[in-house]
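Pasting the structures in now, so scroll down.
Two complexes, one shared chain (subunit A), two partners (subunit B, subunit C).
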Partner chain A sequence: MNVRLLRIELRRSVAPWPGAVVLGGSLAVLFLVHGIWWEGTAGWTAQWTTMALWTRYLLGFWWSLVVGMGAVYGLRDSRSRMAELLTTTPLPAWHRAALPAGATALALASGFGLLVLVGGVEVALGATGYLPLGWLPISLVGALALVATAVFGMGVARALPSVLTPPALTVLFLLLTSLLQQSSDGVLPSSVVPNRLALLSPVTAEPREMLLTLSGSVDLGQTIWLLGLLGTGFALLSAVNRRARLLAVVPVLVGAALALLVLPAAPRDTYVVDRAAAALVCDGPVCVTQADRSRLPELALRSKEALRVLHDALGAQAPNSVREDTQLRALSDERRLSAGVLLVDFDDRLFADATGEQLTRALVAAGIAPSCFANNAREGGGQGYVAVQSIATSWALHDPRLRSLEGVSDDPYLSDVWAEAGVAWQRLLAMPPAAQRAQIAEVHATAVSCEGTGVGSGTDELSVLAGKVSR
Partner chain B sequence: MTPAMSAADTAPKTHAWEIRATGLKVRAGRRKMAVDGLDLSLGTGTHGLLGPNGAGKTTLIRALATVLRPAAGELELLGGSVGGMADQRALRRRIGYLPQEFGYYRRFTVREFVEYMAWLKEVPKADIPAAVQRAVERVGLADRADHRMKTLSGGMVRRAGIAQAIVNDPTLLLLDEPTAGLDPAQRLRFRELLQELGREACVVVSTHLVEDVAAACSDVVLFADGRLVFQGTPEELAAAGGSEHPGDSPLERGYSALLHNSEQQGGTW
Partner chain C sequence: MRWLILYTRSRQVPTSAAAVALVALAAWVCNRDGGQGSTNPVTAALVLTAMVAAASVGLDGRDATLERTAAIRWLPRRAAHVLLIGALTGAALLAAQAAGATLAPTEVVLRDGAGLAGLAALGAVLCGAHLAWTLPTGWYAFAVVARLPDNTVGQVAGWMICPPGTAPSTDTALALLVTGTVLYAAAGARR
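And now, the complex of A and B:
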């Protein structure tokens, strides 16, 4: 390819725009909007894989725009009334088409590449020390999806040179994107249409569970399909007669057919647990995943202290090991707890940024009164329960007064709960020491068995603590 | 500065005529046979293609530019038969074409646009900058070379169109209404350029301005209703007319006379 002409093309055409929109738009969303992508262990800069998946998720905004912008670019020859002059030139049409297609590809690959680079720098500077390579295919497929879609738009506009082509393509892809969109609310991301069809969209589900990654067959199937789309786009862009335009449909059909054979039919083969990331690394009784390895030293240190406090408080019922909670769970589903193991969910508000003494308190809370309902940026199921956890923790650590594990909320419901908690704390302390231990043991047993009736509202357990209800 | 030369340019000429049409028929659209049984032979020189509106001039030029395929008859360009796909690429490298409706990329500068066309015409990469500069200078746009196409006046756009047509030093140069939009001074300069180009190439200029033909062409082809009416020098065209024929100049009177005769013979319009 002639580099000088490529430079002219990039300067004088709309070729750079799709790339600029993808880069600028994504960075604006990711940096300026305080969204769920900033939160938790599956945040966009928390891990390499989640970074790659978030940039793929954002394609939901750009996929349909890029096809429309490609189509606008593809209309250039007919808008400029260049078609006749171009047909008399000797350079083969495919070679001529390679210039605008190359300019678009370069712009999009650079735009998306820079986005991934920014994400990569953020992840590298962040806490995680885990560097897998599995995220690379996810991002490469993302770049291919953008290029293929833009070239497809260009080709369609060349074949159907009408001002209606770009908006029609944009609307069509918008409908496709929303129809094929996968939701991550379930245990595993899934969609309303059959799984294989949904995977024809390069837009991934919103990352929620840090250990999930796309399976190799998804990457392969999507690559085949997108290459077919790219092939058809390019063939349409370089077609000089009706026969060539008809034949141009072949690559996308073959690509789709092959992709449907390769793509997994079931959600469980689509998003799979990254075994390497999920492998446990332990320091004595304290284990975390490889992905969260960087948290181990501090956690191990604080766990030692917390396990001792728990043993004093609960005796034989106390947990004797600490493990990162890696269970896959649908949104708002109950957590599965066990008596002997203190499960640490780094997404939980108590643990999210906890260090030092705060981490010890969080560990004591999770050991003495683990919440059956997740309390994190997405789920507020255990919010009221924090009052119960605070009482139990203050009691176990012999605090002179009740200390909240969380900042004070201005939620009127929660202020009622905290008022009740104050009363319960006083009543608990007024009991004889043996009765206090019995009450705490009862709270622990109830918590571990997840028998509480409320959805983590905490009111029942507060009643237990206050000695109102005999169980 | 040296013009771009290729092996095809320096090879000895093996054909008698740059353009040779025998019983050529070319359709315009689906039904209309706009060129209908044309016999024509043109060699090196500047040939003015004259004829009333609707005579089929543009269709003929488009067929010569390999945009349209002949429906019947024979068309040989630069010694090769048109229609054989194998030689088409080599043939197109040696053609320069300015369509009647000349389209261009508005955001490109003149130089960038001519450079782009040079690439499409497969001018050797190393020769492109010099070939572009020479073409731009020849049409008098050197001082505007780095201006965007969209900032040019109508006459300048036409000249940029001629620059792209000649950037590959074509052996066969086809210009459809090149003087449209040129002011009188530009037209004079353009006629000189045509004479210069006609010394080495076969230049076919379609026009309905008889005075352009008189000033710049070595040869006149008068075309009406898809057929050849007259071929000869401008002097012969002038001689065909008498004072009884309408027109302000001898050439116009000759033109009127020949068309009038053709009308009587054909009797179709």
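And now, the complex of A and C:
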């Protein structure tokens, strides 16, 4: 009986719309806009956890629009001017409220669930072979957030039946979202308001570091708070008198109070490193994280060759192991390098899609002249430095002519750098072999210690190589 | 005059005007710095979106069937209604700025007011007046969250938060104003 009623409600009301809009809109944004969500190791289809976090990030617009759509649905009775008539139905008020609330919940949960399913299929078909279960609570809280806000919107619209209620709620939630928004530019995502308050918004920071996940206390606290919001929404929806409407505020207050006790106060306890994903898997001297396990066979094969080349080029100074770079860094911060270990950052443009011989070259480059600044989709720190890395790699691999590690760019600054690199390459080859080795060793020492001001741009090393500066 | 009073009442102008004034007051209180602070197109766009959303609920009367029988020309009245929404919301924000708040350069306010009013009219034509707010708020949310690239596509899609003097953004706002006004003037809100 109830299933039949629910089906009729879904077919004849606006209830399916929020779910359809969330699904269609998210897929349109994710697939039609080639945004940052497609880039790097924290892309939305790269890992299960990042997929869940990206769909939560999209709540940035959905949870404010969904509260408005819920309010429109909640205004149905008063818009058709039959709220008074419906109060005479011989059914308890909560019984009448349950049907539209259930229809909304079903539509939104299916819409968001299908979005996560699309993401899950993409991840499953992708390169990663790592399947954690920690992403499930992240997505479940996301679905709960949508349902709770929609029902809350319905309840508020029932209590304040004005045509202005839906836009007012939406704008209010948009404002709250932007106030509570966390930024992921720092070492750990943080916000301008106190951490506990910021976590009342279900919108997560933009995923940037693959290994970060939400801690359990965040999931628990947000669940409590959202259940409070849901309770208030439902109580408002089924309230028949002023006293019931006043009492309806209790669940959200209790939920917020309990949630503030549970939610962590520091960003350090909010986003935590997923230890299982960060555990190292090794093949001889080559180690990667569990999450990137699928890259190990190719990397191990190429590293063997690269380490041999590096040993020939640098002698005792050469790195003797290869490890995935897992440090958490603020945006545009310096990387921490060490002489004995070759750090591989899979976000780096050199390594992003490198396979085969290209991967060997990238490893040699990172071995002789590791860049102190990241060169990836978000940061362009080491772009000029690629010229120095190319010279070092071409020299170490005995290339007949200078081979660039990346495609030629039409940036006027970079073409200057490459012109200078051509001169430096000729100067280097003109030197006697022993002097060549000394030059390369000097480049290596400078690179590893991250000394000098223009390290990121590469102009310092180019001057050294071109012999302009005598040290 | 009597006609105008009745018309504004049928378009819920008193409620909308109160809401617009409230938003302007809130914007003034939150950004009050004596004109010294830095401008922020995102905040300005949010304030204008809120104002236009509040004004858009009156893009339809209480009884469309009854109104159709009136022997008056709706086309110029409807067009004027959309243009007035854009003009008055922009003026409300500029008044808040004149009183000492810093939000955005005048050019951005004019562009966003015009584009958002057109968008709200388009929303009324497509979804009905009670849902006209969905298009302005939806586009605002999209522009803010979607991290658009800094090329022509990004400047068109994020027209309301681009800095002043961005030609594609201004063109988009004008196109939205013209499309929305023409369609709404010709067809009226969807019932």
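Please note the rule applied: the second predicted complex is superposed on the first by the 468 of 471 C-alpha atoms of A that agree within 3 Å, B and C clash if a C-alpha of one lies under 4 Å from a C-alpha of the other, contacts with A are read in each partner's own complex, and residues count from 1 in each chain.
Criterion: contacts are C-beta pairs under 8 Å (C-beta built on N, C-alpha and C of every residue); 3 or more make two chains touch, one makes a residue touch a chain.
In this text, all values refer to a predicted model and were calculated from it rather than measured experimentally.
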Comparing subunit B and subunit C in the superposed model, the one touching more of subunit A is C
Contacts of A:V171 with subunit B and subunit C, given as first, second, both or neither: second
Between subunit B and subunit C, whom does A:S64 touch in the aligned arrangement: first, second, both, or neither? second
After lining up the shared chain so the two structures overlap, which partner does A:V151 touch, if you call subunit B first and subunit C second: first, second, both or neither? neither
Given the touch rule stated above, what does A:V443 touch, subunit B (first), subunit C (second), both, or neither? neither
Based on the superposed arrangement, let me know which partner A:R81 touches: subunit B (first), subunit C (second), both, or neither? first
Using the touch definition from the top, say if A:L91 reaches subunit B (first), subunit C (second), both or neither. first
Of the partners subunit B and subunit C, which touch A:G35 in the superposed model: first, second, both, neither? second
After the superposition on A, what does A:A105 contact: first (subunit B), second (subunit C), both or neither? neither
Residues of subunit A contacting subunit B in one complex and subunit C in the other: none
Applying the document's contact rule, which stretches of subunit C touch subunit A when the two form their complex? 12, 15-16, 19, 23, 42, 46, 49-50, 53-54, 56-57, 130-131, 133-134, 137-138, 140-142, 144-149, 157
Which stretch or stretches of subunit A touch subunit B in the complex? 2, 4-5, 8, 12-13, 76, 80-92, 96
Name, in rising order, each residue of subunit B that touches subunit A in their complex. 62, 65-67, 88-93, 95, 97, 99, 101-108, 112, 115-117, 119-122, 125, 164
Interface residues, subunit A side, partner subunit C - complex: 29, 33-36, 57-58, 60-61, 64-65, 68-69, 72, 75, 79, 162-164, 166-168, 170-171, 174-175, 178, 206
